[in-house]
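Note that chain A is present in both complexes that follow, paired respectively with chain B and with chain C.
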Partner chain A sequence: MHPDAPAATLLELSGVARHYTTKEGFFARRERVVRAVAGVDLTVAPGETLGLVGESGCGKSTLARMAVGLEPPSQGTVRLDGLDPWAGSPAGRRRLPRLVQMIFQDPYASLNPRLPIGWTVAEGLRAMGEGSARERRARVAELLEQVGLLPEHAKRFPHQFSGGQRQRVAIARALALSPALLVCDEPVSALDVSVQAQVINLLADLKARHGLAYLFISHDLAVVGHLSDRVAVMYLGRVMELAPARALYAGPLHPYTRALLAAVPGLDPGARRRAALPGETPDPAAAPSGCVFHPRCDRAIPACAEAVPLLAEVAPGHFARCGRL
Partner chain B sequence: MMLNPARYLRRFLPGGGMLAAGLFIVGSVSVAALLAPFLAPFDPLALDVNAILTPPGSAHLLGTDALGRDVLARLLYGGRVSLWVGFVAVGISVAIGLFLGLCSGYFGGLIDEAIMRGVDVMLCFPSFFLILAVIAFLTPSLTNIMAVIGLTSWMGVARLVRAETLALRSRDFVLAARVSGMGAPGILLYHILPNAAAPVLVSATLGVAGAILTESSLSFLGLGVQPPTPSWGNMLMEGKEVLEVAPWLSIFPGLAILFTVLGYNLIGESLRDILDPRLRQ
Partner chain C sequence: MGHALLEVTGLTTVFDGPGGPVTAVDGVNLSVDRGGVLAVVGESGCGKTVLSLSMLGLVAPPGRVTAGRVVLSGTDILALPESGRRAIRGRRATMIFQEPMTALNPVLTIGEQVAEPLRVHAGASRREALDAAEAMLARVGLPEPRRRMLGYPHELSGGQRQRVMIAMALMLSPELLIADEPTTALDVTVQGQILELMLDLAREAGTAILLVTHNLGVVAQTADAVVVMYSGRVVENAPVAAFFAGPAHPYSQGLLASLPQVGDLGRRLTPIPGTVPSLSALPTGCHFHPRCPRAFEPCSRQTPPLFDLPGGRQARCWLHAS
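== the complex of A and B ==
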């Protein structure tokens, strides 16, 4: 855990799973259960940044949607500052938008093309019935300045902005209600490389200024390592390794994390190691037995196909789900 | 299946020309109907026993009917009735279709199931005979006709809006609105409705043409607008008695219906082409 982090948790995922059932076959109806997230325990403390990495299809986005209360977990509970978005009174749930907001991957899809961006930024204020029209305008101007846009941009429409500017608008919208936690689902992967750094720096500045906590999701280990206090590595809906960022990058324990890190291209092309990940990500509807990673693992032994490993604390604060550690 | 002249014309007119032609026809018919009191050379209800069944000529531009009433004047006033019925009936059907389609698509589950089965039931009836049956029970007044046409033609709009809503409700900007605490009414009003409006506009434009035709058919059968109030449909009905001696009584209202419906169909079809992103380059 981050050394300065207070003991209280802001986001607590305990045993969270999400199953999708699809029906197949015309005559013989078969049910196929896709376990997009298969039992995840994670916490985010106030002010902490938890990075979440994994290949596409590993359940990162589903986890993000459960963390902001967009989707109910099939099993387990999600708690935001003790509040379960799927239980309790509607009045209690009205606290949710002030606790957590989300930044989506594609800023071309996350802004309504038919509304001026000032409206979009003020959406949360309007939904919560906060302030008069004039107060909301002042707040929008302040938010736009915070994310590096101009107050007069409020009247423009999304198509008049570049991708990076649109993502700034989305960030301003997320900040409007001063939430304690921002869930960022691949916030820079749809942007040009030159713009990515600007947006990441903006997120880092905002964190420093407002003491925000982030659940930062990405498939890019370099981006996550730059921002995160702790990093969780996901594979097929499970957390395979969880450690403080520095420890994870300096000494990855799980074979999957090692393979991912080995695949990160370095600056020196001669020094690049071969990616050690043979094969494809298995179908989450037919997850391998035992350790789900064993068919692609370079250290797998026959026992790996049988025993399901637990997420065990291998070193202080450093957890890994591998039977061979 | 009725031949759609607009579909046919599309082969020969480029998109812009189709829209312009449609707007021109609908525009001139609407202006003529609106300005009927100023344009009509005679009172549409005034009888003239000295000029019965006068052929088109200098005194009566489009001739007179069996009671000596001026056909041009009746055509202009009849246009007001036909267009008014078209607009109000479509207004009713779009309002119902939008509301049910939005609820069905956004809330899903049992609400969706109930509304969509209601649509299926309504579509089971041959709509024209349903309208005939209902009108037979009610008095055939203008208000009743508009209401009945509107209440029996909302199903297409409801299905269309439901499909659009289903596609829109999982878009990121709708999810973002939910995360911001926006409730269902706000999301439907600000995010879904404006983005679903384009296909509804197309369907409404084509719906006006359909409603005008339905009103004409009802009036032709004597179950629509009642004489002496002129409507294009009941003018046709009165004309059919004397078709052999006074064909102008049938030809002019028929042409008026043809061109008005054609105009709305041209606008609807070209709007569909313009708004359909798959057809756009």
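== the complex of A and C ==
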């Protein structure tokens, strides 16, 4: 798609879309096509953190699954360090685990409850045939220490850990093969505030120490702002705005981004705000015409229902998909 | 507290488990002013949900309320027989929950459910109740209320279901609405709409709100006063402006410091070390002392009382003794 893309790109999503067909109605005779992701171009450079924010149904988790090669795109291509997980040889696909790993919202669901966590952390190493059993044990001990646990924790089971500790175990497992990119899908959303901050700091430390890149997905704008170099805002399967974090938070351009930021309840009881945005996100199977945000937009004009806006560079490195800019 | 609508004193709820009884709510005192909004805030396991269920006599075995009084404008709710409590819950003190789908009946139409309180507790006829339900659904902003009334809960979005819950809960203008994490399952743009709706309608009806939440931003945007809970106990009680200007308890201070805020990008967060203790293995003395950066000699030995501070504040911390 982009033959001359700079070599410095670790993850490249080009025109990526993902459609699901659902059947409904009497005897499931009616088919509906849900465009969960409707044409996304994004890149992540080595060592960079790209934040991805959006509300439920915006397609951010589907995008994450495509970015790690868990799900094929319906259109477009995904490249990880130049490798297309869905084209080429199975041998090429075996490079994937060393390129990208993923952590999820609920570490309890992603850890095997019957296995000691040391075994789970070493899973990737075993699968890739790395080291002797003794070397793997040493590596597990080192990984557990890196995430703030103790080597002797390797013998314990997931239920013996708190939620925050389980997320540390999941991070240790993800780091075992030293991937260049970690895709984090709502990694701190299930954690209590006091523990959430511990995991956010850990992710920041790991990035500084290993030069890791993150695709960091969350509905929480404050958390995303904290960790990200650049931030993409998604709505109904599309990127509505993409900018360096500082520019996005200091000067959001898209009306949806502005509304999202205004909706975050602030900590000053002296500055109470009224609800910023009417209505709810439409069903992705019946996305509005033109700009998909126009029915909820306070700046919409009749033309917004007709013309599909492009993601245009409004300022250097700052992109927005709005016909009124 | 002469004009308090709700006075909770010494409320204690224990759960009988295989390892013996566990105290989930430990001698909680709080009061809600008539027409006011009190937020009860805390992390998971602090007892805030058990507290709200205990107040209306809704704790099911193995949980039981072992002590305390819950007085709603002169009526001690927990001293009433179940029939009396049910009457209170239908009419004078109603409740909404985080996940409205579990609180709505999936096989009854929305109209029937919203009309039910009027028929059961106010003796309205079916026709009157349905008309009032339609008007209320229009008031809570449900699109096409007449058509929606004939539909079922699964046909609605999460935000619309919470609108229906608010309609049901405020239908009879109760004195108190207990809202337990009412917007936690909702998107942030819908959260603002739902909070605003709940506050506006409660204000119109003269209903006071006890809002249970883990979200300090929601507290700042809605409440008059805040109660902070930790491991079953109230650790701080303060008017909301004073609380956010400078919380008095080290746990409250830790909560605010660990919260990432929109705008201060990249600032290193200051987490509270450790994790919330299990209720079956609570630390001695102040439950927070093993995680507290300011713990000193008495903290591990003796449980601090709630010290009265200037400005109508209270904090359960030995730093405030003297």
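Basically, the second predicted complex is superposed on the first by the 315 of 325 C-alpha atoms of A that agree within 3 Å, B and C clash if a C-alpha of one lies under 4 Å from a C-alpha of the other, contacts with A are read in each partner's own complex, and residues count from 1 in each chain.
We take it that a contact is a pair of C-beta atoms (placed from the backbone, for glycine too) under 8 Å apart; a residue touches a chain by one contact, two chains touch by 3 or more.
Predicted, not measured: the structure shown is a model, and the values here were computed from it.
The superposed arrangement places chain B and chain C next to each other on chain A without a clash. Contact with neither chain B nor chain C is seen for A:I301 once the two complexes are overlaid on the shared chain.
When the two structures are aligned on the shared chain, A:A208 is found in touch with neither chain B nor chain C. In the superposition on chain A, A:G124 contacts chain B only, with no contact to chain C. In the superposed model, A:S110 lies in contact with chain B only, and not with chain C.
Within the superposed three-chain model, A:R173 lies in touch with chain B and out of touch with chain C [touch as defined at top].
Centres of mass aside, this uses C-alpha centres: at chain A, the angle toward chain B and chain C in the superposed model is 80 degrees, to the nearest 10. Of the two partner chains placed around the shared chain by superposition, neither chain B nor chain C is touched by A:V33. Measured by the number of chain A residues touched, the leading partner among chain B and chain C is C. Contact with chain B, but none with chain C, is seen for A:L70 once the two complexes are overlaid on the shared chain. Shared-chain residue A:L310: touches no atom of chain B or chain C. Once chain A of one complex is fitted onto chain A of the other, the partner contacts of A:Q101 are limited to chain B, with no touch recorded for chain C.
In the composite built from the two structures, the nearest CA pair linking chain B and chain C is 10 Å apart. Common to the chain B and chain C interfaces on chain A is no residue. Contact residues of chain A toward chain B in the complex are 65, 68-70, 94, 96-97, 100-102, 104-106, 109-115, 119-120, 123-124, 126-128, 170, 173, 176-177.
Residues of chain B touching chain A in their complex: 171-173, 175-183, 186, 190-191, 194-195.
Of all residues in chain A, only 55-56, 162, 164-165, 192-198, 200-201, 204, 219-223, 225-226, 245-246, 249, 259-261, 263-270, 272-278, 280-281 touch chain C in the complex they form. Listed in rising order, the residues of chain C touching chain A in the complex are 43-44, 157, 159-160, 187-193, 195-196, 214-218, 220-221, 223, 240-241, 244, 254-256, 258-263, 265-273, 275-276.
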